[in-house]
Amino acid sequence: MKTYRKELVFEIPTRRAFVNITAEVVDCIEQSRINEGLLLCNAMHITSSVFINDHEAGLHQDFEEWLEGLAPHAPISRYRHNDTGEDNGDAHLKRTIMGREVVVAITDGRLDFGPWEQIFYGEFDGRRRKRVLVKIIGE
Amino acid sequence: MKTYRKELVFEIPTRRAFVNITAEVVDCIEQSRINEGLLLCNAMHITSSVFINDHEAGLHQDFEEWLEGLAPHAPISRYRHNDTGEDNGDAHLKRTIMGREVVVAITDGRLDFGPWEQIFYGEFDGRRRKRVLVKIIGE
Amino acid sequence: MKTYRKELVFEIPTRRAFVNITAEVVDCIEQSRINEGLLLCNAMHITSSVFINDHEAGLHQDFEEWLEGLAPHAPISRYRHNDTGEDNGDAHLKRTIMGREVVVAITDGRLDFGPWEQIFYGEFDGRRRKRVLVKIIGE
């Protein structure tokens, strides 16, 4: 069995953003020389997500508005978490909707994906350095 | 290490449906001859889900109504994604709530499940051919 | 390849609760003697969750109120699932938001986590014995 590990680093200049990281994940598979296995890609922070959906700007705008409706950022006083001095209570909830991680199959040395699947990093409390873990096991 | 891969194919005649796929997944485990390992089962499309819950018709009706409340299909104009000519903006959001994938344990050659766990395919934009991936690694 | 399996057992005296199970999961990794691999931790029941977020009481209160807003417990008659005699229709939906499972990386014999990641059991229909599965594969 082989294993591979890499951290991807992000420093998003805005509070929220979606970043397509599919190419970085494909690079990891190539570097790993693993042909058959499973790949885990997870946010290492609890106010960001890794998820799979469509690379389409209108959809990302829909996600942004929908998440803001389900878990509004303001007023900050609506979240007990923010009583600690934080202002990111909403980010913990938004990340919960979008998910922490994806697990994907590697087949014949490639990402085993459907036609429109792309992997995204979802940032909900940016403007600082954050990390995503890629871990692969297989052979 | 052994690996196994299979695609399950669906062509749901309605826009939305939930289909119990537990028996198909169990067949995959038997075909794989893998006794100990992990099984990934994921939708290969971004408007459908694979999830684990109860095989109970009332609950599925509750899911349908609840998802329609959280991400209504109409009016189609409420989603920027639909400006591209699509009418499935809601399906991307509904699939996000229900999830893309499940990872389950295989122990002694069997699905290592609690008493009520069943695996479902969730379709949110049907009436065309779509696929689910089953990938197993173990030995 | 090595594999490891353990069930964690909970009997929560209230309907709902969040329990930090990170130490129990770390114990499993130590017992497994697996240094590199993937760990699956999933609820074996369909009205409870395993998820990763912050060990902060205010946030847990926010989760409780937010989930109650998205899928209220009462009136019980609002869920068709409860026509079967159950009163836990809301618990199936709350668990869907919070997720069934987490997959985490093991690196150098340790949980490969970011600074604030902690694993929680989320109970949404307690007052009875329920189980969580920990399955590890690696070497």
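First chain written, first letter: the chains are A, B and C, and each begins at residue 1.
The definition used in the following text is that a contact is a pair of C-beta atoms (placed from the backbone, for glycine too) under 8 Å apart; a residue touches a chain by one contact, two chains touch by 3 or more.
All of these numbers come straight from a predicted model, not from anything done at the bench.
The touch graph of the protein chains shown is complete.
Between chain A and chain B the CA-based rotation angle works out to 120°, given as a multiple of 5.
Mean C-alpha position of chain A lies 20 Å from that of chain C. The residues of chain C that reach two or more other chains are 1, 38, 70, 97, 99, 103, 137, listed in rising order.
By the touch criterion stated above, chain A contacts chain C in their complex at residues 1, 3, 5, 38, 40, 42-46, 70-71, 79-84, 89, 92-93, 95-97, 99-101, 103, 131, 133, 135, 137. Against chain A, in their complex, chain C makes its touches with residues 1, 36-38, 51-54, 56-59, 61-63, 66, 70, 97-99, 102-105, 107, 112-117, 137-139.
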